[in-house]
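Each chain gets a letter, A, B, C, D and E, in the order it is written, and its residues are counted from 1.
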Amino acid sequence: MPAVAKAPLEVGVGLRVDQITSINQKKENFGVVASLMLEWKEPQLATRPDEDVPPQRIYKASDFVNMLTERKLLWPAHSFYNLQGRVDYQNQFVAVDSQGNVKYFARFSAAFQAPDFDFTHFPLDTQNFHIKLIALLPTSDIKFKAMTDSSGLSEELGEEEWILAHTGSKITTHTSFGITVPCFILSFQGKRHLNYYIVRILVPVIIIILVSWFTFFLKDYGKRIDLSSGNLLLFIAFNFTIANDLPRLGYITLMDTFMMATFGITGLVVLANVWLRRAQRHGREAFIDRMDDIGVWAYPLLYIGGGFLVFLMSYL
Amino acid sequence: MPAVAKAPLEVGVGLRVDQITSINQKKENFGVVASLMLEWKEPQLATRPDEDVPPQRIYKASDFVNMLTERKLLWPAHSFYNLQGRVDYQNQFVAVDSQGNVKYFARFSAAFQAPDFDFTHFPLDTQNFHIKLIALLPTSDIKFKAMTDSSGLSEELGEEEWILAHTGSKITTHTSFGITVPCFILSFQGKRHLNYYIVRILVPVIIIILVSWFTFFLKDYGKRIDLSSGNLLLFIAFNFTIANDLPRLGYITLMDTFMMATFGITGLVVLANVWLRRAQRHGREAFIDRMDDIGVWAYPLLYIGGGFLVFLMSYL
Amino acid sequence: MPAVAKAPLEVGVGLRVDQITSINQKKENFGVVASLMLEWKEPQLATRPDEDVPPQRIYKASDFVNMLTERKLLWPAHSFYNLQGRVDYQNQFVAVDSQGNVKYFARFSAAFQAPDFDFTHFPLDTQNFHIKLIALLPTSDIKFKAMTDSSGLSEELGEEEWILAHTGSKITTHTSFGITVPCFILSFQGKRHLNYYIVRILVPVIIIILVSWFTFFLKDYGKRIDLSSGNLLLFIAFNFTIANDLPRLGYITLMDTFMMATFGITGLVVLANVWLRRAQRHGREAFIDRMDDIGVWAYPLLYIGGGFLVFLMSYL
Amino acid sequence: MPAVAKAPLEVGVGLRVDQITSINQKKENFGVVASLMLEWKEPQLATRPDEDVPPQRIYKASDFVNMLTERKLLWPAHSFYNLQGRVDYQNQFVAVDSQGNVKYFARFSAAFQAPDFDFTHFPLDTQNFHIKLIALLPTSDIKFKAMTDSSGLSEELGEEEWILAHTGSKITTHTSFGITVPCFILSFQGKRHLNYYIVRILVPVIIIILVSWFTFFLKDYGKRIDLSSGNLLLFIAFNFTIANDLPRLGYITLMDTFMMATFGITGLVVLANVWLRRAQRHGREAFIDRMDDIGVWAYPLLYIGGGFLVFLMSYL
Amino acid sequence: MPAVAKAPLEVGVGLRVDQITSINQKKENFGVVASLMLEWKEPQLATRPDEDVPPQRIYKASDFVNMLTERKLLWPAHSFYNLQGRVDYQNQFVAVDSQGNVKYFARFSAAFQAPDFDFTHFPLDTQNFHIKLIALLPTSDIKFKAMTDSSGLSEELGEEEWILAHTGSKITTHTSFGITVPCFILSFQGKRHLNYYIVRILVPVIIIILVSWFTFFLKDYGKRIDLSSGNLLLFIAFNFTIANDLPRLGYITLMDTFMMATFGITGLVVLANVWLRRAQRHGREAFIDRMDDIGVWAYPLLYIGGGFLVFLMSYL
């Protein structure tokens, strides 16, 4: 019986992420503890009614693969396409019932590449993550079938920073070095909890801006210049702190725009106050008073306007 | 004799944590060096009186498993459900006595997920930790029995930051991919030593607040504004230092509330002093003096009141 | 039949970088997930028409090597010359067809040395990276042939900081301990996205310089001295931040020149203002006014001139 | 011959620490490269005079253990009780002479727990370290004997921070899960080189205190308040730097007392100067002058007294 | 034939460092990728003229060792004495020619202890590094012979911070636990590129000193005190930055002396200016003017003198 004539072996694939140990946006990868189940039927492993074997036979995976190899049966060898480094298997075993239904179970820790990171709307961004399991045998030998019940994310991921949702799984194919193999993809989406960015960045920046606004009610231009210069340094420090969160991107994020806007406005405030002080020295008090009355309201409006623009940009 | 008729193998489980190598609240895991003992009776391994074997036979675990597999005997294969990464076994061996009582001993280093972290009351929080051992065979084959004497935490954990107590162990079941297996859970609770938070955060913050209070006894509003703005920056630096201790949470901790309160009060103080200085420039001295007399007492009361509120919140 | 008479085994080599997990310029290495394909013909593995074997036989690499060793056939043993640490193989297998065409596939994670880093033009530098695969058998036994179709960089490298291009592969030889072996080199070039350096370094430095320029429009030399001294400290902090990005080099980078120029100019500005203030104290107001009018324009011109020189140097 | 009648096997234990790769006081562990020698007599391995074997037979440890197991001879299986993580064996071999004297040699890298850290007198503290080797067989089977000549610390430990001395070894027993096994303990003590704490902490703190003392010779209370507030911030920064060196303890160290004392004194200085300035504004010049004359001497005496108290406390 | 009569096996040793992956002066170790060649003659592996074997037989090292063990031939087992952690072998194989000349090749990544670090003249220090290969068999069985042609450092070490030279190799013996084994030592020396210390430390310190010198030309003692106090803080920050580069030593380095000198001089400058200001308040203008004229030149001379002393000390 020629091997080519055989229909491909139909293998059910279930992949469940039990824990998310890390999401590293600088390295663009994520670590998981996950469970993989493969399910297929191998009639040659069915027992005859007269055989004295337990209804459920348990094998270590390596022993089972050796047994299949010896009996020239097909083993759905597989690999994770977007894996990084090593897979640490916690356990790997196979259960076979009397009809020859084979179930392969594995539990492992691994890190996967997340190449789809797009930080344009950071920190209001939505990111896509996936795990891509490919067979090592071509589509003519193996056919994948998604077991959606056994796939997805568990309840206790242990991930605090991201809100993970929109889990999905699909079957596709992957072509590498000219060979087309079946491919199972588990995907999910993540949005950030904004609490951190509000408490650590937004609130401090707003309080600093408010405090420097308060000084507009005093006619002390020197103090205003000092405070604004100081704020500038502070915003530069913020800028570096935020930069350490992200890889060194080739594009501007929403957060960058926000920080650049605070830079620009603060720089303008220094300029305006230098000009006012110069005017003061030249004795143009009436002009200064008029300017000052404008400044007291222009300053917050400038920020509110800038903030609104940044907000608008986040929807582009 | 059909296999299904057999009663499940009763396996005593003892798990003792010898060392806690780390508690990582950002990654929400903890590392331990622990000892596991499994105990069961296998009559087929009992010796006949005429056999010349030592009363206590010692096997390497891997040799013993192979021997059981060959003799088609049950091995209580197990796995740690909340394990992260790899288990490093320091030793693994089995002792069998002449009645067929089997004792499996293992000593290992491993990291476990602690998904129950709740930082709402941080740093006055109480956290729950557990290690979950599951069998790889269903409840029909294996039954766990907790050996409470051999379970718990050792005396020399080498953990300085947490006060660990309320150790407990229980037997339950775990269902995964539709299969129900027995499950042993060792759990314990941790509270923080507060010394660090008092010496590094509370005392400095109180001294800074006191020092800026002292300036209220001077009628120098400029200096007060400078000092308050400086304090603001300092509190922002504190805020970031504290943020690095915790994962980026989706909720506000007690510490966050405390820091936000100091932000808010310090901002109000700047506002009040700007207002007073403005009044001073407009020559309203009597009003200022009255305000100042109030401020000297309102300032510490504001903090004491805020501190009391934060304290109350820690009991919600 | 003497072994020396045999023509060398011709082995096609394809090496594709699927992911770049890191480019570490301090350690001068880079991490990849890559796929290696070796292709050669072993007539002794061809099947006779009457044999009942599948058209495509799949082997684990280790089993295949053992089989070749037993049958005294040549295995193109190889090694990565610029590897650092360990190769983590994700999968390694061999497919043999009925004509005896052998295809070896391996997918692995590894770190490779990048000894060609030259930071003279940092951050406008172009760097060369390569992976060097050497055979462990001499050129008399093995001959490499580059499979350019199967070599190169994939689309989803997951690398954000560098623009990688100019991929090439070539066959050469490598001599070590007096033995000459065939060698396959995959090389590529990287240029940096400049966004990071513009947003985090250039823009802040320009705003700071502008702000201290604004103070030139005030006749307050004390304030100018304070601001310039402050800027000096800031530039020193920048200097250290940048230093942490690079190894401790034995030469000056373009960025160093830029930072040293800002140091020098800022130092000169302090000197000039101290001199002006001294003149002011001696009552030489006319002289000061003339100097000041010059300073207001000389200051930005000094920076623009310096910037232009640095720009020119980047083309040397 | 029943096995129980046998006297326990007497095993000589020599453990020499060749390198100390790290002492991590935050994790409370230390890393070593060490050499272990076990020595015992196995008459059954003696050679008969007519046998043609070399006088010294060398075995790989794993081969030797297998040989003993086959011949039902006792192998002194052992384990390190306070090990953390994995032992990396560099080599492990056994030499047997013609009388049956067996010598087991192993060289390994490993990390051990140091649970006895007590930081009360930090940085004048003395710490105890130990390595605890336990047999895996009960005292009825194995008896340990300390080989003091072959135990201890080598000359070139490569440890710069600690002065290690008082090396000792002793034989004791260890009971775990109700089984008592022999136990060998190698212990040593460490004291810190104080150079770091003098050059990085004490000298800077003293210079800062001196500099703020100098300002007492000026009648500028505003400057004194500024400088003292600045010092306060600096001491807080020092406080955090020191905190990063230690685990988060549940008690106060000598260094904490020292830092808290500098906080307190500096806070008092601010208070005193605010009071003096207030007095100045109310025109009580004579009182101020008298106070100032006292302050100039009280300030250093306060610090010297505080320092002396801290010094005394270090002997409690 | 008694084994003792045999002359020791003469083994040629060649060790070439291909890459230096790190030099960690805090941990006092260095990482390398290196190639080891051992060469000896085993007449029993020579082929008879009539045998049909290839002129060059290639073996995996493990297979070869097993073969030697079976045929009771000597294998020059070896180990690295100053190794830390694990050796990661990239490849290990053996080539045997028809005369029985055996060549063992290994390529590996490893970290070695560098216990000879002496930082007294840091950063003008010269450090010694070595790799110590010891045989596991005594000098009566094995004799080492240095193959100087095959030993040394490669051209592309990938090390930027150090200038490595004075490579040498020598044969000696090592005695451990009373057994004397042959020992091969590869040693080399390293000096630092000084560019980093000039650009990041020396130039900033000199510019800061110059800028504070400029203020000596103004009669503003308050500003001088502020600037000097500020410099003191900056030097303390520098001090900590430098401290992080080195282990916590029990002695003073040249760099420490330099930093302490800048502390001391800056402290004196504050003292002098406080004294001058006090004199100013007491109206001793003539005295101040004379002092000031001296100070303007004494200040740089103090630094130049101090610098010269530090320079002299570097030759002690």
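Basically, a residue touches a chain if its C-beta (ideal position, glycine included) is under 8 Å from a C-beta of that chain, and two chains touch if they have at least 3 such contacts.
Note that the structure is predicted; figures quoted are calculated from it, not measured.
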Quote the value, from 0 to 180 degrees and to the nearest 5, of the angle by which the CA atoms of chain C must be rotated to coincide with those of chain D.
145
Note: chain D sits from chain A at a C-alpha centroid distance in Å of 41
In whole angstrom, what separates the CA-based centres of chain A and chain B?
25
Beginning at chain A with chain C second, the chains that make up the ring follow as A, C, E, D, B
Name, in rising order, each residue of chain D that touches chain B in their complex.
3-4, 27-29, 77, 79-80, 82-87, 113-115, 117, 136-137, 176-177, 222, 225, 229, 232-233, 236, 239-240, 243, 247-252, 256, 260, 263-264, 267, 270-271, 274-275, 277-278, 281
List of chain E residues in touch with chain C within their complex
14, 16, 18-19, 21-22, 33, 35, 37, 54-55, 58, 88, 90-91, 93, 103, 105, 107, 109, 150, 156-158, 160-161, 163, 192-193, 195-196, 199-200, 203-204, 207-208, 210-211, 214-215, 217-220, 223, 227, 230, 234, 241
